[in-house]
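Both complexes shown next keep chain A, but they swap its partner, so chain B is in the first and chain C is in the second.
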Partner chain A sequence: MLIAISWRNIWRNKLRSLVVIIAITLGIMAGVFSTAFMKGMMVQRLETAIRSEISNLQVHDSLFRITGELKYFIPKGMALAGSIDTLEHVRGTAPRIIVQAMISSAEAGSGVSVLGIEPEREKKVTDIIDHLEEGQYLEGVRRNPILISRKLADKLNLHLRSRVVLTLQDLDRNLTADAFRVAGIYRTTNTSYDEVHVFVRYDDLLRLTALPDGAVHEIAVRTDDDRFTPAVQQAIRHLAPRLEVLTWEQISPELRYIVAAMDQYMYLFIAIILLALLFGIINTMLMVILERRKEIGMLLAIGMSRLRVFGMILLETVMLTMAGGIVGIVGGILVSKYFEVHYIDLSMFGKGLEQWGYNSLVHTRIDPALVVTVTLMVIFTGIVAALYPAWKAIRYDPAEALRTE
Partner chain B sequence: MKIIEIRDLVKIYDSEEIRVTAVDHIDLSFEEGEFTAVVGPSGSGKTTFLNLVGGLDRPTSGRVIIHGIDLWSLRPHEITDFRLHNIGFVFQAYNLLPVLTALENVEFIMHLQGWPKAERQRRAVELLEAVGLADRLHSRPSRLSGGQQQRVAVARALASRPRFILADEPTANLDSHSTENLLNIMERLNREEGITFIFSTHDARVVKKARRIITLEDGKVIADEKR
Partner chain C sequence: MKSPVIAWRNIWRNKRRTLITAASVFFGVIFAAVMSSMQEGSYSKMIDNVVKFYSGYLQVQQEDYWENKTINNTFVLSDSLSGAIARIPGVTATAPRLESFALASSDELTKGAVVIGIDPEAEHRVTNLERWIIRGRYLHPGDSGILMGDELASYLHVDVGDTLVLLGMGYHGVSAAGKYPVAGIFRYPMPQFNRQFIYLDLKQAQELYWAPHRITSLVVMVRDHYQMPAARQALDTLIHPPLRVMSWDEMQPELVQLIASDRLGGKIFKAILYVIIAFGILGTVIMMFAERRRELAVMIAIGTQKRLLAWILFLEIVFIALLGVITGLAGSVAVNTWFYHHPIRVAGEAAKAFTDMGIEPVYAFSLMPSVFYNQVITVFILVMLVSLYPMIKTACLKVPQALRG
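So, the complex of A and B:
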């Protein structure tokens, strides 16, 4: 019966209650949507990092990762990559030679990491192929094809089929150079990555660096799903006990921290929205109990206990808050779901974002835990908002309250 | 049987500006089944007196003993509970819950008493029939006339099976026809069901119906006559 009374009481002053409900709805919607948006951005960043840059696992000689020197290669890397390929839950392996080089066009030069790759294997591991803007993936050019990024092409004024020269130190520390022809131009969402990575064929780079047959510096491994990564890591360690086998989290721990920290910021953000709404709700409920002073006096007079009167105000406040909260959460989810499929185009701010490795086309993500947490936060807000008005209501003196006209 | 005993009851309102002795050393007792009017001009202390007896306003001194219980020696929440189970209230301004129908208003007090739904509904219907509102069970107060609202209030007061009903100027807002009608209902309930009524009024036509008339002036009882 108290629930019915509280619910009907909310609609006694329709306009006032609607204003409060709409304010809560908008606040919560904004909170849920912003959270889904930030989450989407973070998850995309993470996925990009795994798909385009790091992969799930990387295998190196431990000194290579520290020094980047050519001489710290994995001697029979090609064979090892082949064995890793046969492990369970491994989708693909990409053995690479990596060497620092100078790339120069007729007009300018720039320092880059050259990755000597096997295109067919690389396609199973990284998605650079999906980011081709022009040309092909190390095909279409017969001799010494090279894949460069749009960013670098602009910087060096290069086009498809332009000629570039790679200059590097080979294994014997001799300066050596060779001409390559641009076979394709790619562009990922991370311009800082793009600027310093170029791709050539494994065989071409092996020859240029004078490394022994089958040598690689890095084997990037993609697993079927990231949850298999630790198991695959163990298996590889078993195969190659002397090598360093690291997961993406170990290679870039900051990625995981950013996602976790962002979650916390978003809850803080919603808490701040709710705090602002809290004062509006308190104010409304104070008006309510002032208006119903005589009615509350009557309830106390006929014998309704103060605890029950308190509960009645509490219930009404929580219901009012929840009405807005539920509509807000549902609204926020719907909007976020929409942008899970469609995307939000931030390309007008894209330059800055992409420099940091964020995609400017954002798909939102709704985390079920978020929905539960926000619901609890809304209920909590309702309860907190009710405390002061309810406390004031039960302090009414029934005889006094009944005398008011 | 004596149900209320009032001993040397005093209420002094002591505000910064003035000091008013609203109830001035009253000694009285009420028997079960009384139909009593408390009369006196405005400001004579009728409301204050009924509030002291009904456990709504704390006396400055003196005692109100109901069925052997010294009301004002109870703790505040016990007094609230005492009111719920022992005293029925009818107010001048009806004071029904506007969001509830007539039926629900009557049911509500039994809900507070913890009655099961079916039982309280049956009794609420019965009581509303008794006050002549069988056809307005599902109307909200805003759809009822003043007289009808006050009859709902009487039904509500009866619903909790109180030992007596206190009604502070129950007819003050009613026209003469509704006044007559309400008084007849109260009188019948008193005569047939033995319900004890103590009501205040300054309406001569209402006074006429009472079987005992207590006259207040400046907070003192100046006359107490039975008929």
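So, the complex of A and C:
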């Protein structure tokens, strides 16, 4: 009953109510869409980190990550990678030799991490193969193929089939060098990663570094789904108790942090929008009770309890707010759904975004939890906005209020 | 009576409404100004980081150097040119550098490093390098020692007093090698520099690379960002091929784009906020007008010009907005000034996320005038748009009906 009365009351002054509803709709729609947009960008960053860079898990000698030194390898790493492969929920493993080296073209040089990989196994773990711009994945060159990034190719003025020299220190601390030929040029969405990572064949790097057969520095592991990661981590620890087995979150805690911080930031964003809306709603409702002073006085005089009058104003405000809120949320979801399939093209800022690992084609991502939270926030705003006007209304003296024109 | 006086009295006929509307403007201005201040503050921090720690505002280079950074694309800086550049108004310091990539080896380990030959005194004036020394001492002119980043030093297991061998490619392909004692260790706020930078005296570097008198760049500093265009113009008239001038934004297009994309995001957010506030003001205006329909009709009936009435209504909106803008500006100046002098430090994972972006882990604020006057301009435009409503309404007011209403 009260609900029906309140709802009708809202539409007694259509223009005024519509102005408030439109403002709320616009604000909430923008808030939901921006949040979905930022979420999408972050999720894409996270996915790139897992798919192209870190993988779900990494296994190292416990000193390798701190020092980066060649001598901290896993002696029978190849065999270990083979047994990890047979574990449940493991999609693939990529054993790698990693060594810091100087890469030089005919004229210029740069420092890089050289990853000695087994192409067939690597393809199951990282998606670098999908990011090839030119050439092939360590194929098509007979001797010493090398895969470099577009960023590095530009920096060193290299092309497909160009000759480069890798200079590095082998296990016996001798400085050695060998010539490689560019077999492919890749480009991920993280140019900072690209600039310092080159790939060569495991066997070629094994020979150059003089490491013993089967030695690796890193085994990257992809699981079928990230929710299996902790279980697989336990299983690997069981297989190799002395090695360091870390999840991507432990390797790059700041990635998780950025996602969490961005979530908080977006809720703050919506809260600020709602705060700005609050002023408009309060003003409108104050106007409403001032206009209906006589009517409210009458309701009180004929015996409607103050609590019910309070409830009526409260309901009216919440419904007014929700009317805009629901349209806004639905509108925001629809727009975001559209851009889940299509994408928002930010390639005008591509260089800048990719330097920091963000894809410039953004797919939005709607988080179901967001919809619930925003709905609750809207209702809460409605209640807060109602308090002052409703309190004013029940303090009317019926006798005096009835006498107003 | 003068119309401003009438307008001023009119807005105080309903104090509460005026105050709430002004409060929404106040809130919007404070919020937008604080947010802009944080954005601009972090941008100038980011720019400062690359400009004041490394690239400088402007550089003079051999014309092919930027595309192809080899030791062969170097030049000899004549004293007359160097003097002429130093005399350009606005130029605060200049520093020559010879920069190339080399392998740095300690007794046991080798790693690639960026080796930069500097004039110690000039470099200190440009990048304040001496300030970041954490162990050992700074270089003096003609010094035979080197400075290195702390992360590089700990990787190579060397400290002050130890000897380092540098190995690279010299001018026109000669091999470059030399032995140097470590004179000092520095730590910049940015880890990527600490991992790979080695500084030595310019003369030593020229000998190492067999490039007597040659440099890769002359760094030119101006006092700030705003002095750059004028200094650049003056430089352009002095510098002719085979030399060229590059400014920091040409050298760091990624950073420029990142800032542009972030700035756009901020603008969208502020636009949403201001649209909501505009709707709030519109709501108030609609109420003001509805309430006073009859009063306006009477005024017209007794001979007041419609134009004068519209003017008064316009002034009322302006006054309410001014109230919000002035208090909002005062508040935001206070907040921004406080945080400008007391920047917020960030710790933990958040700090790691900052340094990964190449920013010092500090929330910096800016007191740039545009941070403040942009809000005033925006509110002014909003007021103009909103005041169309009462003007049109007054013009169309049908006096007989309104009188009866």
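Simple rule for what comes next: the second predicted complex is superposed on the first by the 405 of 405 C-alpha atoms of A that agree within 3 Å, B and C clash if a C-alpha of one lies under 4 Å from a C-alpha of the other, contacts with A are read in each partner's own complex, and residues count from 1 in each chain.
The working rule: a residue touches a chain if its C-beta (ideal position, glycine included) is under 8 Å from a C-beta of that chain, and two chains touch if they have at least 3 such contacts.
Quantities reported herein were computed from a predicted structural model and do not represent experimental measurements.
Visitor: Of the two partner chains, chain B (first) and chain C (second), which one does A:Gln250 touch, if any: first, second, both, or neither?
Guide: Neither partner.
Visitor: Taking the superposition on A as described, I'd like to know which of chain B and chain C A:Thr375 touches: first, second, both or neither.
Guide: The answer is neither, since A:Thr375 touches no partner chain.
Visitor: According to the stated criteria, A:Met304 is in contact with first (chain B), second (chain C), both, or neither; which is it?
Guide: Only chain B; A:Met304 stays clear of chain C.
Visitor: Counting only touches as set out at the top, which of chain B and chain C does A:Ile22 meet: first, second, both, neither?
Guide: So A:Ile22 only meets chain C here.
Visitor: With both structures placed on chain A, which of the two partners, chain B or chain C, ends up touching more residues of chain A?
Guide: Higher number of touched chain A residues: C.
Visitor: Once the structures are superposed on A, label A:Gln136 by its partner contacts, choosing first (chain B), second (chain C), both or neither.
Guide: It touches nothing on chain B or chain C.
Visitor: Between chain B (first) and chain C (second), which does A:Met1 come into contact with in this model arrangement: first, second, both, or neither?
Guide: A:Met1 contacts chain B only, not chain C.
Visitor: Once chain A of both complexes is superposed, is A:Leu277 in touch with chain B (first), chain C (second), both, or neither?
Guide: second
Visitor: With both complexes overlaid on chain A, does A:Ser113 touch chain B (first), chain C (second), both or neither?
Guide: So A:Ser113 meets neither chain B nor chain C here.
Visitor: Would you please give the residues of chain A that touch chain B in one complex and also touch chain C in the other complex?
Guide: Shared contact residues on chain A (touching chain B in one complex, chain C in the other): none at all.
Visitor: Quick one: which bits of chain B touch chain A in the complex? Just the residue numbers, please.
Guide: So the residues of chain B in touch with chain A come to 47, 51, 54, 56-57, 77, 80-85, 87, 89, 91, 93, 95, 97-100, 104, 107-109, 111-112, 156, 160.
Visitor: Of all residues in chain C, which touch chain A in the complex?
Guide: Going through chain C, the ones touching chain A are 16-17, 20-21, 23-24, 27-28, 31, 67-70, 72, 100-103, 105, 108-114, 155, 167-169, 196, 253-261, 264, 268-269, 272-273, 275-277, 279-280, 282-284, 286-287, 290, 349-350, 352-353, 356-357.
Visitor: What does chain A use to touch chain C in their complex?
Guide: Its residues touching chain C are 13, 15-16, 19-20, 22-23, 26-27, 30-31, 34, 67-69, 100-102, 104, 107-112, 155, 157, 167-169, 173, 175, 191, 253-254, 257-258, 261, 269, 272-273, 275-277, 279-280, 282-284, 286-287, 346, 348-356.
Visitor: For chain A, which residues are in contact with chain B within the complex?
Guide: So the residues of chain A in touch with chain B come to 1, 4-5, 8-9, 12, 294-295, 298-306, 308, 397-399, 402-403.
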